[in-house]
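For reference, the structures are reproduced in the following blocks.
Look for chain A in each of the two complexes below; its partner is chain B in the first and chain C in the second.
Now for the complex of A and B:
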């Protein structure tokens, strides 16, 4: 058998090795260092804090939780409406491009942009989540609608294109899928809402950031527990019949917004985000400015972001290989419940928060970012893989222990695992860019600097570059996965 | 749908309690719990002196403070030298009205982890090159702008070329904590934050010490928007200035920490603007 034949017959292995090789090549370019001589002492203090949560001011805690929920509810409501409408026109390319662009920009970047003209207001928080979510909903809704059988429609309303035809046929069929997807997205919205606190909106993240920064781990732990409980109990309180009521309440509890200055908004869109040369009509000068920015800042930062995400992807793969058995019944029996709980815990913690804590622990380098991305995404994929492992039909005389893992589970689950990881790659790329806000040299670092210097032209260019990068990553992972013929689990997508 | 959306947006905009409240903010230059504590007291004092409702809006970053000021979400702000200059450029008519007594001759301390073996000297030791170093916030005057200026002046190099790694800790308290923990070998801080944390016993002098103090420069100031008289009544800005300058309760002043407040003007900060332009931190 020829060598190419060998690889062609093992598409999963060859692709996985390709990504592993890319990660290995990237490694020397990343700056990975342990700066704190002794992180264990601090880690111990965090552990102690987690066991002894404490919060002195119950009113401010309740307010932060309420705002976190309110932002998420309002944003998801708006996004469902907008996404639903856009899904009907998703076959038109301008709609597809617009949706791809909105979802390629991270909620935090949207937040930073909106803050420039809406200030620290409810509008900023709600729109920062609602906009990318609309883009995501449009695509997913369109996918779900397309999957439905067209037969009912042909029978009930042949040749009619109307709202009632849609409601009584396609929408009715898709309903169970839509609601389960929305429940999961709401969890994502809660995470995004919490994270927006890092840039100053009054959600849980606002207090989390200060508490961790000041080393007040008992207080931070209290917030974290509240956040976990909120997510873990979702299925009990997020009742379909209560949702309209929740939304109504949410609109009333939102923090007050200052009046919007239309002139500032106009100025931002027509003036601030364009380079000086362009505003003065000097097109050659503007081109030179763009060329200089691209070569000096955008390309190096983009390369760093890609390399970081590749290393994080490989690290997440390693995490999955060794972590999924702890939540799988065939491997650990009853203990799987504990493993399952740990994985839910890990995947509910936003990457930004994980990275922030690691940064405080080991100092600023690419290491905290890689750890955070690998743990969060590895945890999520492990969770899904473990679920898959328990569904596998096994022979009565199957092997046990390490042999079961090495010779049966891993080989059989590998294609699925790899496909899921690849779907997460786009997410990891989005997150790597954002982690720059914490000081890693990815695109987010320069976005943050540009905002600090009020250079909106540079900030805008960098955010646009980030969006392009994410769109490219999405295209690559879809292409590779199409070869593997796997449909992504909704849970593995986007957030 | 469109009608619903506009109704919802209207609800968001029409939220009550914004127009008549005089709101101020401050750059988050040290531990946030302290910020809330110290500015909560100032809000009470101003409310009593000005006869209008006064609220303190906490923010997470220097640019957020400037943006809130630009959008008229706050009318008054306790800015650093550079953030004040940036804010007044974005808000025509804004005035620096008062500064701390100490802000007329402010300075930064370069600090080092004791494991470096560096000690206090008249000039920065050339052996600091090649080590790790952290500034405070990216837009800080005492934690970024002026230290970078003095570093370039002495070594003729950008900090990125001088040190093996340059970080931005985010605020002065964090800079001290990170240099003390050895995350960075060196750092630079606002000297008043250092003195007050030292007095509060938060600094372990066996682990971190001051190795150089910079020459003097002007720093923090209260800046007010030019349109406050139109909103809060004629003479409001003067009343505000008087209230700030006459603040003499040690409990209030100690929280800043400043001895007293003295008059200031936009022109006092020209040197800061010039330096910022030279370092390309201002367009």
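Now for the complex of A and C:
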């Protein structure tokens, strides 16, 4: 048989090898040096800290937790309202474009933007989460509505759009799906809220960063444990009937916001974010400035971001291949419960935090970012793969051990594993950009430094470029498998 | 001679439902036995129980085939001997087929008409081809006893009969569930009829006629005549 025929009959393997080759080609361009020679000693100290959590000031811990929850609640409430309305008009292209643009910008970038005119206020924190989440909700709600049968609505109100008909039919039909999706998204909002602490908002992340930086691992561990407990117990305290009460409390708990200065906001939108030449009407000069910025900063940073995400994707693939058996009953029997717990633990830790910890261990390079992305996403896909593995119908005389893994499980699960990883690639790309805030030379690094230098024009251009990159990645992963997105989100919720 | 498998008053319940009731039968080494009966009669469950008792001594060819779609025909056949070889060698074989086993599998698949397909992934094969791969895998296990659950149902009767002869020749003992009464009579020396989880008859093939079996499938009791 011809060689091309061989590859054509193995589409998944050839595509996976293509991605592996891309990752290998990218590797020499990334700085993956080990800047700290002995990470094990520090790792030992962190491990010790995790076992002996300690917090001296209970009041400040409680306040950080409350703020984290309050930001998440307020943001999700706003986003549900906005996303719900937008979902009804999602078939109009301007709405689709606006939603794609808002969700293409990461919460942290929104936070950095809003900070310029709202300062370190509650409004910054809430909007930073609410805006991208509105875009996400609009699309997912629209998808869910579209899946419902239109028959009941046609029966009630043929040919007419009425709110009550909508509530009684489409909304009612989609309700279980909506609530389970919202639960999962609320968990994401909690993670985002915690992470916003890294840019200075008073959430758990703020204290985590300073505790880790000071090497006070016992204190950092305490915060981490509180955060894990918060997420792990979500299903018990996030009761449907209590949510309105929580939201009400959340609005009062929020830290004080200084009054919004409309003139400052106006100035920012009309002046600060545009280059000097453009403001002075020198269009040729503006074009030259943009061309220079794009070739000197945007393209190299974007290329670095893409390459980093490719290497992280390949690393995540390796993680999944070797990690999924630990949570699969057919492989390890009852021990799978422990493996399962470990994967949930890994998955609940935000990438930024993982990367931050690795940064402390191995020094500033692309390595901590790759490790964090590979472990977090690899953990998530491993969980889903292990679940699938336990559902496979195996013959009564199936093999065991490595033979089972190599001849039955991996070949059977590979297409799904690969599709899930490609779906996560989009997420990895978003996160790669954001990890720049920690000092890796991805887009986020240049955004952060542009803000630090008050170069709002450059920051705005970089954020726009990041958004475009994310939209492109989104389009690619949509083409891979559209149905998988929701399924993966819904499955991840159950972890 | 002592029996290979002996069931006495065997009853199997699953989920509160009685799947096999009071089955007594003994299979001696060297017997070629066909299990017949309408679907849902308990043939697969009886085969499963026999397999459980024989364990490693029997080669299994299940109804769902249990092939791995992504792997090539060669690898699917090779899988029958996974346990006998070193795991690292097995891993190596996934990427670089071992010369010895490759030759053995080629020889084995020649008469089954699979030799030209060895490097193709099973996913692209037809139903009949897949069934032959599963048969080849069972044969490659090189066990004393063959247990097959409708192993030739996707093949035409002529080819099916030829393959059953090969399987019978390659194994000392064979227990095969079949849907086709003619094949059961022509290629086996003992026929067991199951209906509703109960043993309806257990007779030498020579004492049964095609008409009697056809009547049995229709729900009649002509085989008693």
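Basically, the second predicted complex is superposed on the first by the 478 of 495 C-alpha atoms of A that agree within 3 Å, B and C clash if a C-alpha of one lies under 4 Å from a C-alpha of the other, contacts with A are read in each partner's own complex, and residues count from 1 in each chain.
The rule is simple: a contact is a pair of C-beta atoms (placed from the backbone, for glycine too) under 8 Å apart; a residue touches a chain by one contact, two chains touch by 3 or more.
These numbers come from a predicted model, not from an experiment.
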First (chain B), second (chain C), both or neither touched by A:198:
first
Pick one for A:276: touches chain B only (first), chain C only (second), both, or neither.
first
If we overlay the two complexes on their shared chain A, which of chain B and chain C does A:241 touch? Say first, second, both or neither.
neither
Of the partners chain B and chain C, which touch A:10 in the superposed model: first, second, both, neither?
second
Considering only touches as defined above, state whether A:391 meets chain B (first), chain C (second), both or neither.
neither
By residue count, is chain A touched more by chain B or by chain C?
B
After superposition on the shared chain, which partner residues are touched by A:334: those of chain B (first), chain C (second), both, or neither?
neither
Could you list, by residue number, the parts of chain C that touch chain A in their complex?
48, 51-52, 60, 62, 64, 66, 68-71, 75, 79, 82-83, 87, 90-91, 94, 119-121, 123-124
Can you name the residues of chain A that touch chain C in the complex?
1, 6, 9-10, 12-13, 393-403, 406-408, 411-412, 414-415
For a test of understanding, state which residues of chain A touch chain B in their complex under the given definition.
31, 35-37, 42, 78, 81, 85, 115-123, 126, 198-200, 206, 209-210, 213-216, 251, 254-261, 264, 276, 363-364, 439, 448-449, 451-455
Spell out the part of chain B that touches chain A in their complex, as residue ranges.
1, 4-5, 8-9, 11-13, 15-18, 31-33, 57, 59-64, 66-68, 70-73, 86, 90, 132, 137-139, 165, 167-168, 170, 173-174, 177-178, 181-184, 281-283
